[in-house]
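Taking it in order: structure first as structure tokens, then the write-up.
All chains are identified by letter, namely A, B, C and D, in their written order; residue positions are counted from 1 within each chain.
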């Protein structure tokens, strides 16, 4: 079997679908890596749900304003044209459908677009929701980046989520280390698959039926040697 | 019968009850006159529902910024410490109970505190509500300035409003040209009455039972010869 | 590359059709998009819905909107002309040619804010116990009767600000913001006329409304 | 004469009693009123309710609040400590010593905003169809299932800002505002620690939160 994509390669691939002029919210973990890989010729505003529209690059180590942080609590900068506001205004923006795309991590995505990404049912730990439910319910499009399978080979693309739902029927596209899949009325449709992986192997790694797009292509991502995170 | 109070005298009397440090919204007409008569030693913020907290004095004729207006559409100034915001934020402030007192005009006030001040049922004219219902429902205290009787001698202080209600059971105090009355569980209680007017005459001008406070006093207002409006 | 600047009124209002709903900002003479309003009647549209705080301001701005019977429905807090004789719009309403939703001003602002904030409905104490609440769903919260109000949205929002940049970021002057800030969030297409389009991007501390809510900005001098 | 400045922590927190509810601002390390938080445990109170975005931040700020069992109830979007072993607050929750309302972050912000804005309840699509909506009132609006959410209020709100003036007007730096702006509107008493109390009144264009929402301001340096 050919090499699965790395975290950064998955983020890179997801970033290629961000349109010029898009307003985008990136979840913690792999999604936020995508900000580094958006094509340079596209003018994109990254929203951070704690109150920024237009997150800029990370400042040099030790630089930056400690009172200016993103949703991952990292000290950040502002890009040209940015605005800052409070959390109620920020979630009004999110819930109101003004953010074009949110890219989120996930534990599971179901063939009907259900998303489970907030409660991994870890024993002895308290619950953590954060902004995921609002982003999933509010953004115009919800894209997911996640590994195709769990560490012990379990499926993450499933008929029905077994983990508690974040939102029902809202995922439009999934980027995994093996494939890019759209979620439509007929369930998962494979748009891209990594070179050398057979369709049967992909189906075996998936716990829901797959269809393959007529123009299903190789999933390409450049060799990213330096982690830009 | 002794002289009833003028419009400016009624406004003056209402202004004397504005506490130091109060946040106050003044309705159109007589209420807005009260801003000129607040005692100089009191630090009062006047709220204007179109988006000002801290309305200042009117600018000199022809001066001022035409884009800075109050709820009466007059060009105004800002006082020291003022803030400006949008209408949704302004009514959040009003509805949320942050304004200490609103002084409103009225057609009728009932003995149970009902207020009718928005719909005089003028034939052939369209309805006009403005912010009155929100102010009446939201302010911590609602005071009313109005003439004690209509132009043709009808009562405005009534058992039950005949005009459509603005809000139910919210008026706390009424300033008329004849008296100052509190509205409590037992209906209208006269706190002050103009010198020379008998209690029977006041009762005759009122269409609801009156009680008189034990310390009922003369209603005094200075001679205001210059209209400061 | 984001550039929301447009060069003329027809581009600013492109896509507006008969039957459309329009939110229009303004309180008193502050924040009224008079250039955009005056461009409406010549477009020859009909059955427009106007969502505006005080209808009188529109009539003063361009009486032909009602004279030419372009308006079918109005949502407002004040549907009254000056003086004792009825205005044209009041007569059209009495004849049933224009229908009307009359809304308390705070509820009007909050319904628009809700429309932009993804809140489909909310309860408010305003108007409870009044004739406006008759036939409406009412409910007690904390012992207080409240009325259910639904969000307001529109096809277009037209507003006026002092400054914009190419991202559509807006700076309001004085009390210009009034209903415009919320309206911009609650319309499919938001068009803003401004006194000045800034050569430079507005700094974050001057951005009163982020450009995400704005689709088109047009430089146009204040009309009186 | 309005003067909301106070000189010390005990005056800032005067009136706070056992059983009280506290809203505390902060997201990441921005806008956390650490001086006020650290003054809580020594007051010897019990059965406090904390309303805060992420409980971990409070525990990092002053672990004695849970160690001394001062907290009875928590309303939060994130009730999780770092690492795999449970934090003290997670253990107290599992033992039933602390009760918990877990709320999506946007709903959390909106419920607080509603508490300050006189909106007793609203509908939101967030959490519809999830386990959080079970047993709750749900309703269709425009074909979309929504959940009824009620306003949140508190006895005290504690927040941090960059600057204040004697009127209580606040200026926030960076993303310091986060939940604080709404919390200030939704509490009976709002206490703000600031880096600087301005000698001069803040000009209107620097007032991010009007002083009407603020009861006490205390100068106190940022703690890490």
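Going forward, a contact is a pair of C-beta atoms (placed from the backbone, for glycine too) under 8 Å apart; a residue touches a chain by one contact, two chains touch by 3 or more.
Given the structure is predicted, the values throughout are model-derived calculations rather than measurements.
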Which of B-C and B-D has more C-beta pairs touching across its chains: B-C
Distance from the mean Cα position of chain D to that of chain C, given in whole angstrom: 34
Inter-centroid spacing, chain C versus chain B (mean Cα positions, whole Å): 29
Chain B-chain D separation of Cα centroids, rounded to whole Å: 36
Separation of chain A from chain B, taking each centre as the mean of its C-alpha atoms, in whole Å: 56
Residue list for chain A, restricted to those that touch at least two other chains: 84-85, 91-92, 94-95, 137-138
Contacts with two or more other chains, residues of chain D listed in rising order: 110, 113, 117-119, 124-125
Contact pairs between chains, per stated definition: A-C, A-D, B-C, B-D, C-D
Chain A-facing residues of chain C, complex: 1-2, 113, 115-119, 165, 167, 169, 185, 201-202, 204, 207, 210-213
For the chain D and chain C complex, residues of the former touching the latter: 110, 114, 117-125, 141-142, 144, 146, 150, 205-206
Residues of chain B defined as touching chain D within the complex: 20-21, 23, 43, 45, 47, 53, 78, 80-85, 91-99, 137-138
Of all residues in chain C, those that touch chain B in their complex: 27-31, 53, 55, 77-81, 84-87, 89-91, 93-94, 100, 102-107, 109-110, 112-113, 124-132, 162, 173-182, 222
Contacting residues of chain A [partner chain D, same complex]: 48-52, 65-74, 84-88, 90-92, 94-95, 119, 122, 124-134, 137-138, 164-169
